[in-house]
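First chain A sits with chain B, and in the next complex the same chain sits with chain C.
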Partner chain A sequence: MALVNPNFAEEIGKPEAFNASACMNCGVCSAVCPMGIELLPRKLFRYVLLGLEDKVQKNSETIYSCLLCKMCEANCPAGVHIAENVRSLRYYLNKKVYNL
Partner chain B sequence: MPLPTGDTIGILADNLKIRNSVLPISAGSATRWARGLGLPRGGETVIYTGLMYQLIPYITSMNKAQGMIEDTPLADFARVGRFVNRFVNISSLMAIPQSAMQERFDGILVNIARLLRQAGVEPGYMYEDDLYSGALVYDLGMDDVLEEHARKVYRNLKNYGVKNLITVDPHTTNMLRSVYPALIKGYDLNVKSYMEVLAERHAWALRSLEDEVVIHDSCVYARYENVVNEQRTLLTGAGVTVREPADAGRFTLCCGGPAESLYPKKAVAAAERRVEQLKAAGSKVVTMCPICLVNLQKAAHNQINIEDISVYLARAYCPE
Partner chain C sequence: MSDRRIGVYICHCGGNISDYVDVDRVRKAVEGEGGVAVAKTAMFACSDATQQEMASDIQEQHLDGLVVASCSPKLHLHTFRDVARRAGLNPFQYTQVNVREQCSWAHTDDREGATDKAIRLVRGAIARTALTEPLEPIIIETVPRVLVVGAGISGLRAAIGLADLGISVYLVEKSPLAGGWIGKLGKMYPHGKDGKSLIAQLINELKKRENITLYTNAEIAEKSGSIGNFDVNLRVRGQEDTTISVNVGSIIVATGFDAYQPEEEEFGFGLDGVLTLPQFKELLDSSAGRPVFNGREIKNVAYIYCVGSRQQPEVENANRYCSRYCCNAAVHASIIALEKNPGMHQYHLYRDMRTYGKFELMYSQAREMGSYFLKFADDGPPVVERGYDGKLQVSLKDLLTFGEEIEIKADVVVLVTGMVPRKSPELVDVLKLPLGRDRFFNEIHPKLRPVETMVDGVYICGSCQGPKNSIESVASALSAVTQSASILKKGYVDLEPLIASVHQDLCNGCGECVATCPYAAIEMEQQQGRSVAAINRALCKGCGGCVPLCPANAIDLKGYTDAQVRSMIDALLKETCQNE
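On to the complex of A and B.
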């Protein structure tokens, strides 16, 4: 059973910057990721939208492994601000998990 | 045990907050490249290094130490390290640079200053006040620390009366041109990379190199700052045939460098993948970012020759 935080997407930060809901889950980002990160970014963004805070926290290594190189963003047909979204997740983890 | 994420980020952010750089270096090491060039202090137009090239020899040495403790029980000592680092600059004890590497990276900055002068630009320099931009801390999501630092950098630039910044690397270009304006109300500095300045001024080569290189674009120049054509124009003008690897220009493949601070092994694996693409296109490669240069070189094991683009440009555009 998953614990859902209905306010999670808002807690991640600036709603205008975190535009994960534009993602249509096509998978191009995963296919072109130079790190071969299958989870990033589409599944991760879905966890945020679904309020699955635990799942996001468990995947912190994936979140910090992203190169922010924007290869995914350059290929994204939905114009998702992927790199900025990943940075928002780091900001959240820094505060919530690492108390920075 | 991997490097502890929170403590590693904490050390980098603490350093920026307390010592103005993620990896503090002495003013002497930061400004040594400019000795003998007679660059005036400050001015309306300055060459702004953001310490990126100067930091690389220190970062390399630090990463070697990190690589040795990554996935060992010693990684846990980073927790203690963060506490101690607030009082004693332990990162400076871990990062002892190789002098040959320092000379090489200082030489790149000298090339850039000479190229600008040759193109009719007489930039000033801020010497010990040429501060790090905070790029790494921004990438790691430490927005509050970055914002405070950005204000400090901007105040410093305004105190010097600077209006135009000529940057030398993609990360500093991106921070000062695209990130700072979103953080600082009224930000009014004009920022261009030296390659953009040279291309705009239609720099004229003194000799044709009759050479051929594979170009490795920086992700930040290509996808964040749309700097893709200038480097090609300048190389072509120098009589250099530009060979494009698989994944080039706007779709360039990352060198893996951004993973270096937390996951050194992943960074090398990514660099190895890029080196394979570059090798398939030719044996001489040019980069335009110090992080790309050092990370690709590490993965190339001397199988290809990798140089900063300024090395080729200085040979063609500057007097001997």
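On to the complex of A and C.
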């Protein structure tokens, strides 16, 4: 059982910087991903939105394998700034997990 | 041998009929039938040229009966009745045979059989037509007044609409105040105006119109009469009950809905902090600043959708329907909550979002403002409990997070409750309104006759006929206004004369027919010192339910008399009878 933590999304960045609430889980991003990353971005964003912190931390490798090519962003029907969100996640991991 | 002069026309319908039914063989088979004076085939019986030909045949050949074997009477009954009428033949001496749907379309694999069946059906129609007599439509004069039951937004708007057409209105409200649900609401979607001011605006308009009389604390006690002329007794509660009698041409029922009341422990209902959507909306409407519950600021809210709607069939008296308004109302409530407290976290636990039409924009707005949406499976409803820390906790499997088990701590859990039919057995009893499977009032046809009921002259509108938002309720109220006005402004209605009639000399006064009539159209009356049944011509629908029940065979259905039906059966079974 994962406990929802509403403060986590706010911790990751200013709410305007990380914005995935418009995501409707259509899956276009996963379909067009040249790296074939299944987890990014929609599944990972769900974890962030609900504040499932350990799920995010467990998937740090995925977060770093993103090319930031923005194929997903260009195709997103809900206009989510996916690449920006991935950057915010990296910033959080650098600080929190790797203490950089 | 019949001395009638009947014209029979068999239609090709282009090839719709003649591709499978040998129309010439049908014509030859029936042209020698007793009473047939003219038998023809036609490429399109409904074309102007053929209609013209039928009309001149009727006049020149002095026909006194007409049979057209073509399509469904639903399509062309009135077309050919009009041909008869134009040519001076009584339209009720016309019979339509549906050989397209019943022969050619149904038996594309068997042309012989389809043709044989068509012959029998046409012969049956000829037999029926040979025994027709001229009938006249029943003309009922109408009174230019309407009774509107229920003074919510639908009833109020209907009353104003009727008054503006010059029709007097009696508006009856059961509670002490007009305004209904909307009269208690604050900010509404999609315009952002509040319900209280909408109702105040309508009441202000009501007061400007002298031809509307509003009775509050009042109910319908008794009704008699029929379309165009109802006598209704109203019971007005006060220190002493008073009865007021009104005479109206039609009745519009706009009695609205009740909010679903969850069972004890249903999604934690009964726990402190578990509210229904109407309760939460009231809380929001009454908060000037940040919404507060039990003296503490509300920081986390969980909404559980579809409470009391789309219930699984195992639930006792399950509400299987979608209540239609609640997704929008809950999403809107969350937007208001965020406006009042931008820091509030809101979790929407839904089965399916149905923010149809323009309200989809509101759903997007709620997501962009930061409401979180989680989806649970039909068979995996969320569980609401009081946690060890005293907080409410809601757990579910979130399908949008790939079946992850999620737990949410909430200050307030909002049960998004649907609409249920308002219990009004006395109204059902007095007005004889039919209920649908969902126990809301039932219209005749949801698309084509959406505000008319099986009781002529009684209309339904608003959420008493099924879940509706206020926009849809007012639209249906104005539809009921138009339907009422169309009969009342004309001054009369004409009804089909194909109704039951009693041979009073045969009637033994047993009263079985009175008990069985679903329209209360039969009453006992005194004739030459004895009690006999009499049909109210305005109420009878011609369903025929009383006919076979009568032990004295004293009731006949005009247009479908026992003699006619018997002769049709004989004609249908002609070969069988001869062979045996």
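Convention: the second predicted complex is superposed on the first by the 98 of 100 C-alpha atoms of A that agree within 3 Å, B and C clash if a C-alpha of one lies under 4 Å from a C-alpha of the other, contacts with A are read in each partner's own complex, and residues count from 1 in each chain.
Basically, contacts are C-beta pairs under 8 Å (C-beta built on N, C-alpha and C of every residue); 3 or more make two chains touch, one makes a residue touch a chain.
What you see is a predicted model, and the numbers here were worked out from it, not measured in a lab.
Student: Using the overlay on chain A, decide if chain B and chain C clash or can fit next to each other.
Tutor: fit
Student: Residues of chain A touched by chain B versus by chain C: which partner has the larger set?
Tutor: B
Student: From the CA centre of chain A, what is the angle out to the CA centres of chain B and chain C, nearest 10°?
Tutor: 130
Student: If we overlay the two complexes on their shared chain A, which of chain B and chain C does A:V4 touch? Say first, second, both or neither.
Tutor: second
Student: Per the contact definition in the header, classify A:L49: touching chain B only (first), chain C only (second), both, or neither.
Tutor: second
Student: Check the superposed model and tell me the shortest C-alpha distance between chain B and chain C, rounded to whole Å.
Tutor: 23
Student: Under the contact definition given at the top, report the residues of chain A touching chain B in one complex and chain C in the other.
Tutor: none
Student: Where on chain A is chain B touching in the complex?
Tutor: So the residues of chain A in touch with chain B come to 34-35, 60-61, 64-65, 67-71, 73-75, 87-94, 97-100.
Student: Would you mind writing out the residues of chain C in touch with chain A in their complex?
Tutor: Listed in rising order, the residues of chain C that touch chain A are 300, 345, 347, 364, 367-372, 374, 395, 398, 400-402, 404-409.
Student: Looking at the complex, which residues from chain B come into contact with chain A?
Tutor: Within the complex, chain B touches chain A at residues 2, 5-6, 9-10, 13, 138-143, 219, 223-224, 250-251, 253-254, 256-259, 262-263, 266, 270, 273-274.
Student: Can you tell me which positions in chain A touch chain C when the two form their complex?
Tutor: For chain A paired with chain C, touching residues are 1-4, 6, 15, 21-22, 24-25, 43, 46-47, 49-50, 52, 55.
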